[in-house]
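Chains here go by letter, A, B, C and D, matching the order in which they are written, and residues are numbered from 1 within each.
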Amino acid sequence: MSYIQNVYPIQSRDAIARDVFDYVVACPDIASQSHAGQFVHIRVAGHTLRRPISICEVNREKGTLRLVFEVRGSGTEAMSMLSVGDLMDVMGPLGNGFTLLSPDSRAIVVGGGIGTPPMLETAKHYAENCTAILGFRDAAHVILDEDFDACGCDVRLATDDGSKGHHGFVTDLLRQRLEEGGADIIYACGPKGMLQAVAAIAEEFGVRCEVSLEERMACGIGACLGCATPIRTADGGMTYKHVCKDGPVFDAKEVIF
Amino acid sequence: MSYIQNVYPIQSRDAIARDVFDYVVACPDIASQSHAGQFVHIRVAGHTLRRPISICEVNREKGTLRLVFEVRGSGTEAMSMLSVGDLMDVMGPLGNGFTLLSPDSRAIVVGGGIGTPPMLETAKHYAENCTAILGFRDAAHVILDEDFDACGCDVRLATDDGSKGHHGFVTDLLRQRLEEGGADIIYACGPKGMLQAVAAIAEEFGVRCEVSLEERMACGIGACLGCATPIRTADGGMTYKHVCKDGPVFDAKEVIF
Amino acid sequence: MANLKVNIAGVEFKNPIITASGCFGFGREYEKMYPLEKLGGMSLKGTTYAERLGNPPPRIAETASGMLNSVGLQNPGVKHFIKEELPYLLDKGTVIIANAAGSALEDYRMLAEELDQSAVDMIELNISCPNVKSGGMTFGASCESASEIVREIRKATSKPLMVKLSPNVTDIVSIAQSVEAEGADAVSLINTLVGMRIDIESRRPILHQNTGGLSGPAVFPVALAMVWKVANAVKIPVVGLGGVEKWQDAIEMMLAGATGVQVGTAMFYDPYAPLKIIEGMNEWLDRNGIADVGEIIGQVRPW
Amino acid sequence: MANLKVNIAGVEFKNPIITASGCFGFGREYEKMYPLEKLGGMSLKGTTYAERLGNPPPRIAETASGMLNSVGLQNPGVKHFIKEELPYLLDKGTVIIANAAGSALEDYRMLAEELDQSAVDMIELNISCPNVKSGGMTFGASCESASEIVREIRKATSKPLMVKLSPNVTDIVSIAQSVEAEGADAVSLINTLVGMRIDIESRRPILHQNTGGLSGPAVFPVALAMVWKVANAVKIPVVGLGGVEKWQDAIEMMLAGATGVQVGTAMFYDPYAPLKIIEGMNEWLDRNGIADVGEIIGQVRPW
């Protein structure tokens, strides 16, 4: 495996919800090596550090990556100003990605807010064998539900204010889904609190669970040791692993929330 | 008098010689107050300090300023990337400008290289009563000669390598012109060595002479005292004046070269 | 509209934003862009007892997110300042702070005596200028010399006295405590960090003084760390500066413990920076339902 | 193609560009982008005698043209390093520098003894890490403590010994002279400046350690001034670092007196930075007809 860094043309740009942008970047060399759950590291003019953004979709034939991100601060704001045809400085693919079982396994993906994009490529792998449980603040913030629909998943929505789908949390829907029937694996990405709750439910139902974590990063490849996250060791102790290299995907059991 | 700072649309952009760019910016409020020999201070993305650029032409009716600059480093390079329609952050008009006599006076403007642009608005004031002596490295670097022509001046060119006009220096042409007949005032802008030589010739012929100086600037308005230049005091001593506020135009007699 | 008033060493400022010394002249230039009364206060150009010409040019160099200067305290001397500049400023409706500098103890003393008799609201004692050969920063470089000079100046004036500290030291906290012990009413920090740039083609330092003082956003994190440490170690008010360009920076400074915030270099690229900071700070306080800016001072919660 | 070889403390480097400690791990990661043999040398991640977990996250914050880190010397310990990492690096065709850190004199001594027996080409003694509670920077903060530790380490090893200095001091020149007097073969400077950032909404410092070390282009002018001053005051070679991102910066460093130049933070945004610097430097030397990079070391002409 090697890391690639270069500038690549933006093929399309869409605003898909308030402050959420959807870019397709033509980077065949990176795309050809990318897997669900990995991320890319994007250089933004005027900023020292690259911004880590998950790979939402990979199209190996077209040589493109789809990236969906929310404007959170000045870096993502500057990224959102890029137009079709502009060049994006992308480094990737980075991180380990999700463990994909055989496509006929029963999978559940759980996405909370802007944690939803990395679940799409994973959901595509399982298609109709996948339940996609997606949670958002309100109807205006719902993203990608139609994309999950289009890959044949059973999509279940929750919003905090009930303006679309279930009024409540993704964890309610997850529990409901597990009570309906078993699953071979659960994948989750979203706020830490949500991940912790999902992990607890997975544990309760005895289902394997992988979570994608976030941490502030510098190098993105394991050289600076900046993105440490506390991990349970086999003997019950604590160590630090690095989100960029050992993650961003971790077995939920080893994460110390 | 007040200083104005705002962002203004670029109306046109031209590359007029190797690494020399010609912009017209629509900034009616600044243009309405601008005079020959003054400058504007331009903010460039990714740079702490503004870049001082002389006003090449003022069009009060159209509310525009013409700015002509050479790429010298990363700031002017970034400026040269701006396109028509982009906004330029301009502060001005700054500095004192040239002393303009009545238009029927006999004036000589001397421009060396990228010191040529600020002479154009001055030349226009005197039109056919003005001799424009312009010097460049070689034919490829000649700029604005047609503009000076168009305002009716008597244009005399020199190049270091003789590839266009006189083979030699502007000072040769200045001496020649003064030997041909008198002049009421000489204005000069260009490298320090040239200014010094021009000042000496002016002194020799007893002609009033104003020179436009350059110095590294921060504020551009006289508040930081960064752009000091040594000036002869009445009693023969030395003091520092400031190019941005007391200049950029100084009486050649008081400049300590 | 939150209450933005703060009190520093007994002087009331209508808001915490003060223009930094050396970056705002004596106020006349920026007044051509906006009324000075909008400012909390102005710290004026460093003034010495006698007139000073300053250093030879070039005095300015650019750096990444910052700049170097080696102006070297060019100023007309305190008598000229009091006679020609101060009267003009007195009715501007903002706090006037004289920035007092010198090269020998005796200069500083005579200067302080003049300022004591003047109408300035406050004296900012600059023992941290890196751009003068003798005096300047060297006074601010050790607890002993800082104590000595503050002791002398304290005798010479009963004006509110703010001491401006140098960041070019191993332990700024001890120096702050030393000047507090000698009767300083406030401290301001940071002055510039010593820096250099070289023109690789001419092989000359860009500044004629070879080195100069680094300011601008580049130094903000250094300033913030020092403000936080000093504010936790002294009881007198702390005024924070160094690289503040946005209202968010001013809030970081105040959370770290600053009662007032000075803005310098940012004005060179954005002359309206102080006003934008006041406005942005005010809106943020409103958005967060904070009635008085004083409520955020020192409220950072360390881990 | 100019000669780019330099000799630092008896060790030959094929070019003056060295990756900075803590920014290049043990080399394996960036090797996935380019062969390590292109580099003059690599200063490896700070290593202590015993394994260290490092500090809790967040460990990274962004600043204008810079960043803060509070990694806190996370490393597997020297024995693991020598057994698991070093063998892999030995045939890479580049100079291997171990960066040695600790919290007590005894740790440093045991560490140096281990390294002395290993195949590393050089030891960079880190007495300037701002991110550990005891030891670290405090050793580098005074001439006495710096002398003491270098004296002990010098006894423990005959490897070429480079001492890495902290910029968070009043007088880095005296400290450089002290370590030279105790037998250091070279000095490298600067390590990071202490800095801070605060999240204004949570009112928490962004770093879990509250403060961290500032690096990146923001600090370049500070590093350059210190390199120039130290190079003028010691006879041993100086390795310059701090904010170097472009080949022009490396040339400024060498003109100021650096024999080698380290590159750290720049690699995070431009992983190929060290290679681009080597290439750009080489082209500039050719353009200027300079046959040997050694000819420019210390050649700045002060005013």
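The rule we apply is simple: a contact is a pair of C-beta atoms (placed from the backbone, for glycine too) under 8 Å apart; a residue touches a chain by one contact, two chains touch by 3 or more.
From a predicted model like this one, the values you see are computed outputs, not experimental measurements.
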Quiz item: Can you name the chain that lies farthest from subunit A, using the mean of each chain's Cα atoms as its centre?
Solution: B
Self-check item: Between subunit C and subunit D, centroid-to-centroid distance (C-alpha), Å
Solution: 33
Quiz prompt | Inter-centroid spacing, subunit B versus subunit A (mean Cα positions, whole Å) | solution = 56
Exercise. Could you grab the centroid distance between subunit A and subunit C? Build each centroid from C-alpha atoms only and quote it in angstrom.
Key: 47
Exercise. Determine the centre-to-centre distance between subunit B and subunit C, using the mean Cα coordinates as centres, and give it in whole Å.
Key: 36
Exercise. Going through subunit C residue by residue, note those that touch at least 2 other chains and give them in order.
Key: 56, 61, 63, 65-66, 216-217
Quiz prompt | Sites on subunit A at which at least two other chains make contact | solution = none
Practice problem: Make each chain a node and each touching pair an edge, then name the shape: line, ring, star, complete, other. | Solution: ring
Quiz item: Between which chains does touch occur?
Solution: A-B, A-D, B-C, C-D
Quiz item: For subunit D, which residues count as touching subunit A in their complex?
Solution: 22-25, 28-30, 32-33, 45, 53-63, 65-67, 69, 71, 74, 206, 216-217, 265, 267-272
Quiz prompt | Residue ranges of subunit A touching subunit D (in the complex, touch as defined) | solution = 1-3, 5, 43, 47-50, 75, 91, 215-230, 238-240, 245
Self-check item: Of subunit C, residues touching subunit D in the complex
Solution: 56, 61, 63-66, 68, 141-142, 168-170, 193-198, 200, 203-205, 208-211, 214, 216-222, 224-226, 228, 243, 248, 251-252, 255-256, 284, 299-303
Quiz item: Touching subunit A in the complex: which residues of subunit B?
Solution: 45-46
